[in-house]
Each structure stands twice: as structure tokens, then as C-alpha cells.
Amino acid sequence: MNTLGSIFRVTSFGESHGAGIGCVIDGCPPGIPVHLSALQKEMDRRRATKSYHTSRQEPDRVTIVSGVFEGKTTGAPITCFIENRNVDSSSYDELRYTPRPSHADYPRYVKYRGYADYRGGGRFSGRITAGFVAAGYFARLVVKTMHHTQIAISSSIIEIGGLPPEKIEWDALQGDSLGGIIECRICNLPVGLGEPVFDTVDGELAKALFAIPGIKGIEFGAGFTLARMKGSQANDQFYMEENRVATVTNHSGGILGGMTSGMELVFRVAVKPTPSILRPQQSVDLRTGEETSLTIKGRHDPCIVYRAQPVVEAVTAIVLADMGLRNGK
Amino acid sequence: MNTLGSIFRVTSFGESHGAGIGCVIDGCPPGIPVHLSALQKEMDRRRATKSYHTSRQEPDRVTIVSGVFEGKTTGAPITCFIENRNVDSSSYDELRYTPRPSHADYPRYVKYRGYADYRGGGRFSGRITAGFVAAGYFARLVVKTMHHTQIAISSSIIEIGGLPPEKIEWDALQGDSLGGIIECRICNLPVGLGEPVFDTVDGELAKALFAIPGIKGIEFGAGFTLARMKGSQANDQFYMEENRVATVTNHSGGILGGMTSGMELVFRVAVKPTPSILRPQQSVDLRTGEETSLTIKGRHDPCIVYRAQPVVEAVTAIVLADMGLRNGK
Amino acid sequence: MNTLGSIFRVTSFGESHGAGIGCVIDGCPPGIPVHLSALQKEMDRRRATKSYHTSRQEPDRVTIVSGVFEGKTTGAPITCFIENRNVDSSSYDELRYTPRPSHADYPRYVKYRGYADYRGGGRFSGRITAGFVAAGYFARLVVKTMHHTQIAISSSIIEIGGLPPEKIEWDALQGDSLGGIIECRICNLPVGLGEPVFDTVDGELAKALFAIPGIKGIEFGAGFTLARMKGSQANDQFYMEENRVATVTNHSGGILGGMTSGMELVFRVAVKPTPSILRPQQSVDLRTGEETSLTIKGRHDPCIVYRAQPVVEAVTAIVLADMGLRNGK
Amino acid sequence: MNTLGSIFRVTSFGESHGAGIGCVIDGCPPGIPVHLSALQKEMDRRRATKSYHTSRQEPDRVTIVSGVFEGKTTGAPITCFIENRNVDSSSYDELRYTPRPSHADYPRYVKYRGYADYRGGGRFSGRITAGFVAAGYFARLVVKTMHHTQIAISSSIIEIGGLPPEKIEWDALQGDSLGGIIECRICNLPVGLGEPVFDTVDGELAKALFAIPGIKGIEFGAGFTLARMKGSQANDQFYMEENRVATVTNHSGGILGGMTSGMELVFRVAVKPTPSILRPQQSVDLRTGEETSLTIKGRHDPCIVYRAQPVVEAVTAIVLADMGLRNGK
């Protein structure tokens, strides 16, 4: 469904070509100062891209509809709304019954029995992640209040199309698309976030991150590489670092037994190449069951990895805010 | 916390060296025939291993305490209990305040303020997965009633220590340990399981699977490899296969937009090498803050991948039963 | 928190004197025709009153922001928004630190540490029930699809100030206020709604109804009177009515063991007199701790029972839609 | 379903004539000393009765299966189990398809399609409340750690069959049964427990209390009487009592806007007369649809109010522990 979290809860709503998209954030503690310009800055990060100049140039301007009073959170649900402007749905008419390969179109059609709003991907558009980013802004504010040290969430793109990002020649792509790998690091987390055995930090992060369109894999610490190491290499041995328990290596990525260990939390997510490519592809007409060819029109971002990056951080902040509040911090 | 699921809900309880371990399964529909011998067979699969002969030889005998009457489920909560026998906790005394590297010991100590049962790993022992397997037995029964076709969950170990499993020379390990990669495949799933945008099939599976001790990564379909492909290679184009929509390739692993696509659901999980190895390791005394050396005693399974395999299937069944019931099947 | 329900879920947001109030409705099945005029009619029922002519005369006009496409529900979250117009918050300035007797002001101040929006009661205003009514409209549509017979939710006001409603002389109230009792009846419900032992139909209804400001009691069937009857009088004996199991009496109010029995579901709720009265009352200044006198200004509805009536029906519909979907109908 | 609560969560399991009944308590903080004798004392309170000498004389002996180590809670799920002994199910054979009036038998049969364990009422027996009482013991321990002052939960029976309890002549009942009213009072609660707008203290208490078999109504403070008062009489005016905000009256029963006000929390519940009476009653055969006469055999408690009293307190403690932990206390 469309609500994430247990105490810090985000409800997502809206469609790509409807009136707008947004979120309701419940469980945000009262008294936290809110700066619209900082929120807007996060929104703008999601719009920036190295690979692509969008024709929807206007900013995603956020309106705070409820839950903030006199510049501070009130403890009441915070509603953020981003209007959809300049939408042109005409190119989607012919896609209504012809699912685009590797898009959500086909199972959406079956599950919602043809009633879903298909325009611009509807509810399954990357656009809904603008609401995640707005919620992530508030989550970061909560995370900052959680702990005496300064929790910091950062990320970097470590691969695009299997190469270092700077090596990509965008002009040579010619209507094709690329995926990539984003690495996220969170430092200064307290020890013991996570509610085993089922509501683990890694499990909750993974669940939330798979809500971002295009994510196909996640690994913590050394991840899949760990599966190829021996225990004697893999184990993170303990030592004391200035009166604080630390580990010599961090193959565990800051998580042990589903709880934060106090070491840097590290994970990587795999983002698939944008399925919208400018080449004829094979599809079927869902009304007649006949095979057909499909050509996606319009300009599409050939690599959503850059735009996914602030979304990954936002979703991470949302989960950590919730896990922090659940832990009573 | 210790409950997983929304309609088909599993509550896990018990510790490795306490009275026993078990689970309460809520939301199981009434009237499903239960065969204790089949349940016991699943339990025995979890105990089998290629790498190791355990000294706790007795079977994990399951008692059904509630929820089954006259050989059928009643719709009431099903409680399964597995007694702990022949436990010898003496070797754990010296580990009480000295966390084992890459075990849950350290964050557990901090989070539960030293009150957790540390014997045999307590709540963080692989032993609690026996309860998952018992719940998985019932989940498979539910999954079978979900759909007219025969949903089948199977898995294989595709790597141990980076090699094909049959290439491992267990005798050469000498007190060290290995991890591996398990691939799970589910065929004949209906289209449209999964409750986007947050309760996706991939997200719910990932969350649940990270509850299995030692899992450090998950990827669906081509996963991390997908991040290195171009869209034109990655996209799964549609065709008609005997009046049924199908895709030429299945790089998406049977999931699109967080919903099942009707193609085979495929995922792989990375299992880290068992952290218990028979070599001196560096640790700290949590009472004094002094660095110390630690040697883990007793026999430990040098590779939990074989034992994790039926657990991965069981947890998968639990999630699919829940997603199926949520979808109204 | 601000989300109600398990499958059919309503998230409430907004404050009395903020930008507006509304709700997000998740889990509504796709393909249900939506009629804005019928929705608006429900909204208007909540505004009508016999006791009072409000100075906020403009209608509560609902905008559907998401989840409806081409006149039908899509399965995506439905967002309803009602703008606040013509609000005058000036009379609330002096109430900011002086809690009104029997209002939520005092615990709200403590819980939200003074940061809550106090204007017009903020989040604790009866105004937020406009969002419940909007959600109730959709819930009724779902309830109608649930069962082959025609489920009907109706209610009546059986007492105002201890008297039959028609006996009240409103002009004689002189700045004082009255409460009352609302009886709600639902007929043609299927047998077996309710998820015992904890998620009972009576329990879920009670929980939801206590979210309506002013409700102080609820009883099902003969309720408190049942506590004064003997078993031989109280028991509802069974007979066959046209091939259908029925009971001679219905002291149980259509609920047995937390499940619907197929008989008419009957409950009554007690609504307290509006706490806003035009007389000086005793309060305290929360900053200084000094006792003070308080006079509430402006016109206030001396009896919210009429306005609560459609809200009671709406909340009942929300719970029944959820219980119906949970039951797989 | 069978789990109650959000952070402090109780999962109930077991049937009246199965192997036993019990509960799993999740979310109990670690380090709380547990005294088996005190727990057993609570269990014994539930068994005592003024109206009836039961033939099942043996005590409800609780076994703690998990979650307690070295005499203290560990933070892991606490499992309590109470074996069923001396059960004689023979008298229930003829009730299998003949529902007892005002029992759960009929909707249970329909909902669980005849597969439910009917012996001794199965899952709908008052016996399952023994598990609630066990959980309540732990909840009281949590409640005690919540606040600097001493929170105290007490209750009294204020009516039996419409009379003061001491006026009842039990011997004159002659196979009939009586209900009654229990009043519960909780003092020294902090201000601000409750999570409006939906997870109110009154709503959560009401929901939980309706899980107790036989409860048909609940009112807070003056409750239904409040609906007959004028605002000028009903309002609880504020004053200062030794540097603490207090109210002159407490018609609100310690709850305002769904939150605790710091005044004594007061509620009353209506308990219906035991439906098992020793007189022929009218029923139907659920297989044939024929009307039939039914005579319930065996000895049955003619008034469960005494036994319900400690259950009401236990359930109250469970809810307050959860609301306290949710509030971060």
C-alpha cells in the first residue's frame, strides 16, 4: 500500500499527469524549524541530471498544506503537495493497451483491471519520488535531533553502465539508456537501531528502497563479495578507538544481527537502465492479444541514476527517522 | 519486532538455549489439511548439511500447540513449538562480555543493555529459523490454495566461497568458514501480487529475507548485472505464448513496478561466511573497555548456506502467502 | 496517529484554520464510479444543523486530488481536499495559553509542547470530521460492492439533553449547550465480519467512533441495559426465517463473539454537550500557572449532535469497508 | 486478528480444550524483574468467583517459555503458556452444529466454515482471557517504569444484575445468569498519552476491552449521563492544585481530545449475563436448517463479572503500556 513506516510514517499519493503528487508525513515530532528554501533545494537536486535536459523545466514547487505552524512542525500530519504543470498526455494514448517492455504497465493493467491512470506512467512514474524527497527533508530534520553526534547521510554514483560515471559519453548513447550503482553511507549512527528479528535496519531499508522505480538489487557492506570471502577475511575484528568500540574492517557495512553496530552504515543499490528507449520494441495489445510493435515517443531521461541518488538518500532518511523513533531516541 | 506480515502473520519467539523456540501463525485460512510428517520433513531439511556433522543430533521435533483440529487448520492462530534439548551453555560464559567479531553480540549488548540471553547466540542464533521453517510449511499450503495453477518455490546453491558448490574441499578449510549464494525461483505466480508503492513484492521479500542471519545482499532478475546493461539489452520484450502474455527474456526476474509480472520470479541472496571460526580473533571486554583476544570453542558449522537454503524458501513462502491473501486470492 | 484501518485505510490531515483539511484513502478497489454531486451531498449533511446558523456559510467544497480517473476509482490512493475559507483566528489569540474547560486544549499543549496550531481548535476541531465524511462516501461505495444484499447504514438522534429531540426549545438555551445520543443501525450485513480475538467488529467500530470529538460512550445492542437483565431474558434464541438463521430478539445488536451475526447491527453513542459555552469559566494560564477566568467569544453550535450524525455514519462505513475487505468480500 | 498493540504487542493463542492457551508479548523493555509468584497471583484472581465453585479446580499454572533470563525480561518476546488440564469435551459434541443463543457459535461456524475447534467454546471461550491476564502482569510492570509517579490501576464491581453486588442472592438464581458493570480507575497517569486523531486513549481502550467476551458497552467519565447534562454542568473547570493543573469535576473521566488529561482516568464496562443457562432454549441445526431445542449441560458460572474484573484491569494495563511506550515515556 502507500504508507511506509511505523512511527514516522509517510503516505504517498498522486499520479504523474493528475492534479499533482505529494505525501502526508505522520509522527514528526513538534517544534522542529522548517525552512522552505532548504526543502526546495532538496527538490531541485532530484531534478538535476547530467544526462538529459528535460522539457518540463519548471521547478517542483512544494506547498506545505498542513502540520507546520509559525515555521515549526506541530506534531500534526504534514502534507506536502507538488502541482503537476505543463503535462502533455497525448503521447500516452497509444500506450494505454500496449505495455512498454520492463515498465510496470502490464501488471498494473491486470491488477487494477484497466482502471489505473496510465498517463505518464500514472502512479508508477518516477515523478512520485518527488513526494519521497519532500518527506526525506523532514526525516533528515528528525534524524538530526536523534543523537548527540551528527548523523550524516551521503551517497555517490560509483558506476554508470558498468563504468566510472565520468567515462560515459552521453552523446554516443543514441536513444539507448544506462543504469548504474549508487552507494550510500551514513556515519555517526547510534548502536542498536533496528528491531530484530523481522524489523531489521537492513530489511527496513531494503523494503523502502525497492519502492524507488528501477532498483533491482541491494547489498550491505561487502555484500555479494562477502559471499566469496572466507570467515577469517570477512570478520570485522574489534578494537578500542578513543573509548569507543570500533572494528578494524567494516565488511558488515555497519549492521550486525539487523542492528546498527556504530560503524559506518554502507549499502549499494543497483539501478536498471531506463526502460523508455527510442527504438521499436515488441509488445502485445492487451485487448486483442495480438503481438504488435511499439515505439516510445517524446524525450526520456536515458539514465535515471542521477535523479535516483537524492531519492535514495531521502528514503534512507525516512527509514532511519522511523527506526530512531522506534528505538526511543 | 517479532511479527512479520499483514494478513498471514508470523510471530517468532524463543532463544537458542532457552526452553525452546517457535512461532505463532495468524491469518491462516481454515480447512487446510495438515500433515505432521510433511512438516517434520521440512524441519529435517534445515538440519541437513554437507559441510558439517552437528553434535546436536536429535531432530527438531515440532509440536502443534494450537490452531489445528481434526487434522485441519481452524482459522485460529497456529502455534508451533520446538523444544531445545541437550544444550550445553558452558562455552558461552566467557563470551558474555566479549563480542564475537561479525556476530550480533555487540549491538545486542548495547540495545538490550546486557539483559539479553547470550547463551548460544540467544535470540540471534540461526536456531530461531527453525520456527521460520515451521511457518513456511503452512505458508506453502496457503500458497497452493491461492491460484489455479501450481505455484512452485524452489532454490539452488549456485556458489560456495565463489566456486561451484561441488568444487569445495571441506577438509581443507581448517577451522575457517565459507559463505555462498542461493538462487530462488518461483513459477506459476499470478500477475499482480504486490501492493505498490511501498508494499512491493520485491520489497517485502527483501525485508523478510534479511531476517535470516547472515544474508547481506539480494538481487532480483539480473540484479546488479542489469545495472551494467543497456536498456536495449535489458528490456524484456513481450510476446504471446499460448494465449498468455510472456516476455522473451526475464531480466526483470518476474517483477515489474513492485508487482509480479507472471514470469518466473527469480532472486539471489548473498550469505556471508559463518562468523564462528576456530582462530584467535581480536575483541574487547565490554565491561572494562580493554582489548582482548577471543577463541570460539566447540564445533560450528563452517558454512550455513546449506541450512539457509530451506529457510530462504520458507521465508519466501511466508511472504507470498501474505501477498496472495492481501491481493484477495 | 492519523491513519485508520488495515486494508481500507484513511489518513486524516489538516487543521481548522490552516490551508484546509482532507484525507487520503488507500486500498479502495478500482473501477468504482464516483459522483462528485453525491459526495458533496454527504458533505452538506454534515453542515446542516437544527440548533444553529453558522456564520461560515460557504459550502465545504471537496476537490479530488488523486486516485480517480475518468470518473472511476483507480486503485491508487484517493486524496480529498477541502479548503478553509473565511477563517478569522483573532478570537483564539487569548485562548493560546488558557485552556478551555473540557476541550482538548490542555493535553494538546502538554503533548505537543506548545507547538500545535491552536487556532479554531487546530487539529482537534470538529472541522476535521469533514475529511471523515469524504472518506465515508467512498467507504459506502465499497460496502455496497461487498455483498449481494443491499447493506444500509442509517442513524437517528434518539435523545438531546435527555429528551426527545423535538422537545428541545433551542431559544431557551441562552448560551448553554446540550449533548445527546445517536443510534446507528446497519442491516443486511453478511455473517462473520470481524477478526477476533482483537480486531472485533465492535472493537474496531468503537475505536474509530471515539475519534469523533465529543463521543464519550458506546453500547451495542441492549448495551448497559443488558448488564441488568437475566440470561433467560437477554439471550437471543434462534429460529429459521425463510431459509435463513435469525434470532427472535436482538439484544446482542447483531454482534456475537466480535463477529457480525447477520442480525441488524445496532449501537448507540453518547455525545457530550459542546464545551464552548457563552459563560465565564475558570481556567489557568499555562505560562504562569495562575488561575484566570475565561469567556469564549464568537458563535458556537450549542449542540453538535446533528452534525455528528453523518460523521457517525461515515466512520461506521469506513470500518465496515475495512472489515469487509479484510474478510475477503 | 490475534495481535494487539503497536509497540507493546500481545499475540494471543490457544483454545479452551486444546493443548493449552497463552500469549507472546513483544516489545517489553529489557531488565524488568519478573516474579513468578506475583504473576501466578494475578492468574488466581481471574479464577476466583463469588457466584460459583468450578469443577476445574486446578490452578492455571503459567510457564514462561521465552523472553525472561536470570529473573529479568530480556527485550525478546515473552511467551507464556498455560496447559489445559482435566478437560472433558463430551458435552460439546451435541453443540457442534447447534449454536447456543448469544454465544459466538453461529458466526464462528459461518466464518470458519465449520473447521473451528468448538469444544468448550474453542477460541471464543472466556478461558483465553487467562492469556490476557498473564500479559497484563508484564504490562503493569512496564506501566510502573513509565512515569515518576505511581500509576495505579484499580477496579470495582458497581452493579450485578442491576443491584449492588452484595444484594445478590446467588442461591435464588436457579440456573439463570446475571451480568453487571465494572468500573475501572487509573490514577497518576501523565498528561498526553494517546495518539490522536485515530489512536486515542479512549479508542484504544475500547477496542481492546471489546475483546473480552461479554462486554457490550463502555463509557468514559460521566459517559451516557454526560449526554443528558448541559455544558455548564458538564464542563470540568480548571484550577491549580499544588503547582499542578487540575479540574474541579472530572466528568471527562481523565480524557480530553483522545489524550489523558492528568485527571483520574475512569471508565465503566457493561458485562452481559452469561449466555450459558440451564434452561431449554431454541436453536437450529446448522446442517439441516431445522429448528431444535437445546439444553446446555454441565456447570457454568452464572455470573462472569467477578472473573472479568481482573481481565479488565489486565487489558487496561496492556493498552496503557503500549500508549506509554508510543508516547516515548
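Lettered A, B, C and D in written order, each chain numbered from 1.
Convention: a residue touches a chain if its C-beta (ideal position, glycine included) is under 8 Å from a C-beta of that chain, and two chains touch if they have at least 3 such contacts.
Predicted model only: the values in this text are computed from it and were never measured.
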{"item": "Same-interface partner of B-D, chosen from the options B-C, A-C or C-D, over half of the pairs matching", "value": "A-C"}
{"item": "Chain at maximum distance from chain C, centres defined as averaged CA atoms", "value": "B"}
{"item": "Geometric centre distance via CA averages, chain B-chain A, whole Å", "value": "26"}
{"item": "Whole-Å gap separating chain A and chain D, where each centre is the average of the chain's CA atoms", "value": "44"}
{"item": "Separation of chain A from chain C, taking each centre as the mean of its C-alpha atoms, in whole Å", "value": "37"}
{"item": "In chain D, residues with contacts to at least two other chains", "value": "1-3, 7, 12, 111, 123"}
{"item": "Residue numbers on chain D that touch chain A, as the complex places them", "value": "6-7, 325-326, 328"}
{"item": "Chain D to chain B touching residues, read off their complex", "value": "1-3, 7, 9, 11-15, 18-22, 24, 26-27, 30-31, 63, 65-67, 69, 72-79, 81, 111-113, 115-117, 122-123"}
{"item": "Chain B residues within the chain A interface of the complex", "value": "1-4, 12, 99, 101-108, 110-111, 123-124, 128, 159, 161-162, 176-181, 191-192, 194-200, 202-204, 206-211, 213, 216-224, 226-232, 234-240, 243, 245, 247-248, 251-253, 256-262, 270-277, 279, 281-284, 286, 289-291, 302, 327"}
